[in-house]
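Take a look at these structures.
Next come two complexes, and both contain chain A; in the first it sits with chain B, in the second with chain C.
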Partner chain A sequence: MVSEGLSHAVLPGLVTAFIILQDYDSPLLLIAAATSGLLMVWFTQLLQRTRMLYNDAILGIVFAGMFSVGILIVSSNLRNTHFHADCIIDGNLALAPLDRLIWHGVDLGPRAWNLMLGMFVVVVGFISICFKELKLMSFDQILARQFKLHPRFLQFMWLAIGSLTTVAAFEVAGSILIVALMIAPPAAAYLLTDNLARLLFIAAAIASVSAVGGFYLSAGLDVSPTGPIASFAGFVFLLVLAFAPKRGLIAVSIRQMRQRVAVSDCLVLDLVERQALSVDGLDDFAVKVCMPVRECQNALRRLQQRSWIEDRDGQYQLTSVGRNHLSDSLRGFGVEWAVAKT
Partner chain B sequence: MDFAIQTRQLTVAYGAEPALWSVDVDIPLLGMTGIIGPNGAGKSTLLKAILGTVPTLSGRVELGAGDSSHGSSEIGYVPQRTGVDWDFPTSVLDLVMMGTYGRLKWFQRPGKNERAASMEALRQVQMDEFANRQIGELSVGQQKRVFIARAFVQQASIYLMDEPFAGVDAKTEKMLVEILHRLRDQGNTIVMVHHDLTTVTRYFDHVVLLNRTLVACGSTSEVFTSENIERAYGVPCKPTLDSP
Partner chain C sequence: MMWDGLFTDYTARVVIAGSAMIGAVSGALGCFAYLRRQSLIGDVVSHASLLGIVLAFWIGYLVSGEGNKSLWILVPGAIAAGVGSLLLTKLITGRTRIKEDAGLGLMLAVFFGTGMMLLRWLQRSRPPIPGRAGLEDYLFGMAAAITQDDLWMIALLAVVSFAALILCWSRLKILTFDPVYMAGIGLPVRRLEALMLCLLVVGIVIGLQIVGVVLTVALLIAPASAARQWTRHLGPMVTLGAAIGSISAASGALVSATFDHLPTGPCIVVILNAVFVVSLLFAPRRGLLYRRKKRFVN
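Showing the complex of A and B:
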């Protein structure tokens, strides 16, 4: 949510600086926009400290407010310039290669490419140098302060770099794509790992794949690349949500089903041990123990297949293997072995 | 007598009312000290003031030099359950290793020694088999043990805990108390906010009775009397002197 806020809140700073400077290439533009982003963060924290509003409400108020001020300035003063509401939301990725960075007559490639490369170095450098400090700062401020890691300063730097990255990406990517790429890849990575460092790598990989994949998709569909890249990132997230090996929806429901089966097998085993169950008395048995007949039936079939129970003269009886399994499982559940051996 | 923590004239206010008013406590080195008092008495605030995480209006907090055998007066803080982001992508071992970050230089990563020390700390609290679990997958008692292990690798000699037994069943509480008493017997100072008056005499060597101002402070047998409890809680109350 904060990244969403940042991507919107940089706008008033950006356009105000543009009106004052009337220069599209000035680096001061970036600084003004980043300041605007930081202002949003500061304002948000101020409102959070009052404890009068929910956090999401605060973000909604602050960034929607700042964004609307930005849009207001754009549509009243900058009607015929590069700043246009559509550009701000969608960016203009397709046109980015045409804007070259020329230095002493040498073409150094697209301007945006150079800018983002610079940001990449700054961000990766900052994270790899201060990784352990940043991790502790975001997990445990009290310990970070105790260790004199200056968590407040680090947090400020972290937000400043986040703000600067947003601003740098703003022109080409537009706010929607920034939000998509800042949220979907880390959210997907979070489902795949418990390790923060690995999470960062996976998120970067997913974002890169989404950018490249979405770009070729857009070329194939002959549309602006913003939408396809954002959709691609969303699609990857959905895939991960479904198929992640440990936390994915499918893995979770399979695990829950297996656990349910294992527990109900154990329960039926325990009931068979304690209540007499004749081979043709299943219906009465199910009524007596208040279990659906089908579930009983399935459990009995599985138990017989594993030869944990056997048919002895029309009466189900636990085998010794079955009895061992039951006592092991009950001990595992923390339930004492309470079956009276007859 | 040596003191682990001393406060003088400590006053903390959040709003119109002070949470702590001119509190002088002496928490002795070694032994287990319970901070006891009614709700809103400023018990947690006292811990936070000792840690330096709340602004104080007046007064000072001094940490003792620590006894020479242990050599450090480092505070290990075990947070309340609600103060932790349990969804944070980090494993049990990783969390314990955070306790070593204070010893490492800027830019330096924890290495083999830190990993070994953290595993050893986890073994001390019998949590080594959970080293690779994500921290949110633990039970409340296990979470407490992991944070105690972190304080241990911090080489803390003072352990501060805010209601470590809240939301913990009797069996787990017994286990935690055993771990803490073992730490105490190894020459550490343990200070905790505690709620259950019936266990005070059994758990603590020293007691701080608090109700915004200091009611009494000293060894359990001298301080934990019905008069003092009545003064702290404002209602007549007989201390339960259950035998160990």
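Showing the complex of A and C:
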């Protein structure tokens, strides 16, 4: 959620610099925006230090305030220029290719493309150089400090790079897209793997796929690409959420159903073994195992089909196979089956 | 000045009465959101409701063949989308290992992004939908768009939420400060929790018209944060929050109507933040200046 705040808070710096410079291409714009972001961090810490407010409220107040100031400046001074209140949310990805970076008369491609390429190099470089350190820092701060890795400094670097990326992307992508692309792909990747390096690669891949897919979606609908890209990223996340092999909702509910069956089998077996169950006394039995009667019937039918129990003169009894299974599975649950019956 | 000609006195009265009511409801309900540390939830609900608003408008158009921006159509959509985003967040954080703030951020971005996509699409669709202009005012709020019809809707929401507050006052109070104790004495915690969440959603949705989806969280949280500095009791805090909210909202609406094309939301938020800073500095006992003076005297 900090990235959300940050992406809103760069606005006042950006527009103030634009009013002063009247120049859309100046690199000073980026610096002003980054300063504005840092200002937000500073305000937040200032309010935190008073210890008069909850942290989440501080974030809400500071970023909403800074964003409002930005919007007010935009709508009172810049009504007919490149900045427009709607543009701030949308960005202007569709216009990005028209804005070329020309250096000594050579067309180096779109300006935004170059900027993001630079950011890409910086981010990838930072991660690959400091991968071990960052990994340790994310999982065990105390150990990192003992190894003299300066987790504070690393964290600061990390935040700085994060906010630079936000700022660089803000112009092109607007403020929603940044948040969507910073949260949805990692969350999806987190459901797919337990390995940090793989997590990074999968997240990057999902983000790229969402960007491209969202772009085509936007072309189909003839709207600015920001919303569709965020939407597409969310769609990919929902797909992963449903179908992820181990942690997806479907996998989880199948696993839970299996466990439920296994546990109820075990319970019924155990109780049949300890207390004889007559074929008619099912209601009474269901109360004892704390299960609905229907579930109890199902379990009994299942067990009979597997011939783990059998019907002897109106009394259910365990077969030897059933007895073996019960002691095995109880051992699996960590219980030594003490009642030895022969 | 827009008063002459474009705005009759009557319209101005409707707008100011509406804004004041909205501010009062948001400010009062925001106190609970603040104390229960749910301001992020407020942010998510407000962003998500854009999707609900746009969808409700579109469905209304498909059914009646005519775009209608009446709050009677848009508010139910917004409430549905807000509740939907919260339920999805709960599903995600409850059944997977994704943490709460990531889940909330995710829902915010996705619902808002989809809402923006549909909004832009509706604005460009052919043939043009009559009445679609002004739908984008829900981004940053436009108090001047309140009609008398909307005023009744706002009044209804205000009455319902204040009635709920007064009827369940003591229970909501316990729920806010000590839910464990509440479960201990056998009160229905989950049901009251749901009621509280519904009230929160109402407090947000009602503010959309004047502050817009992006900034609604400020109308919810800032009055509460300011009121908290002046008092240590829930009753006075809620009353004060409502007062601050309603005065700021009304004056913000006035300012935005006075100048051409100034969206209402940012005006209100800036006023609210000014009130907040004054409260933080000058409030007795908790105020920063008071504490500094006390330290100096000591």
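The rule is short, and it goes like this: the second predicted complex is superposed on the first by the 307 of 342 C-alpha atoms of A that agree within 3 Å, B and C clash if a C-alpha of one lies under 4 Å from a C-alpha of the other, contacts with A are read in each partner's own complex, and residues count from 1 in each chain.
Rule of thumb we're sticking to: a residue touches a chain if its C-beta (ideal position, glycine included) is under 8 Å from a C-beta of that chain, and two chains touch if they have at least 3 such contacts.
Here the structure is a predicted model, which means the values were calculated and not measured.
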item: Clash-or-fit label for the pair chain B, chain C on chain A; value: fit
item: Which of chain B and chain C A:176 touches, first, second, both or neither; value: second
item: Touched partner set for A:306, first chain B, second chain C, both or neither; value: neither
item: Partner chain in contact with A:146 - chain B first, chain C second, else both or neither; value: first
item: Which superposed partner A:190 touches (first chain B, second chain C, both, neither); value: both
item: Which of chain B and chain C A:133 touches, first, second, both or neither; value: first
item: Chain C versus chain B, contacts on chain A by residue; value: C
item: Nearest Cα pair across chain B and chain C, whole Å; value: 7
item: Residues of chain A contacting chain B in one complex and chain C in the other; value: 190
item: Chain C residues touching chain A - in the complex, by the definition given at the top; value: 34, 37-40, 42-43, 91-92, 95-98, 101-106, 108-121, 124, 136, 139-140, 214-215, 217-218, 220-222, 224-225, 228-229, 259, 261-263, 265-267, 269-270, 273, 276, 280, 286, 288
item: Residue ranges of chain B in contact with chain A within the complex; value: 51-53, 75, 77, 79, 83-85, 88-91, 94-95, 98-99, 101-102, 104, 106-110, 134
item: Chain C-touching residues of chain A, taken from the complex the two chains share; value: 1, 3-4, 8, 47, 50, 52-54, 56-57, 59-61, 64-65, 67-69, 71-72, 75-76, 79, 85-86, 89-90, 176-177, 179-180, 183-184, 186-187, 190-191, 217-218, 221-224, 226-231, 233-234, 237, 241, 247, 249, 252
item: Residues of chain A that touch chain B when the two form their complex; value: 129-133, 135-136, 138-140, 142-143, 145-149, 190, 193-196, 199
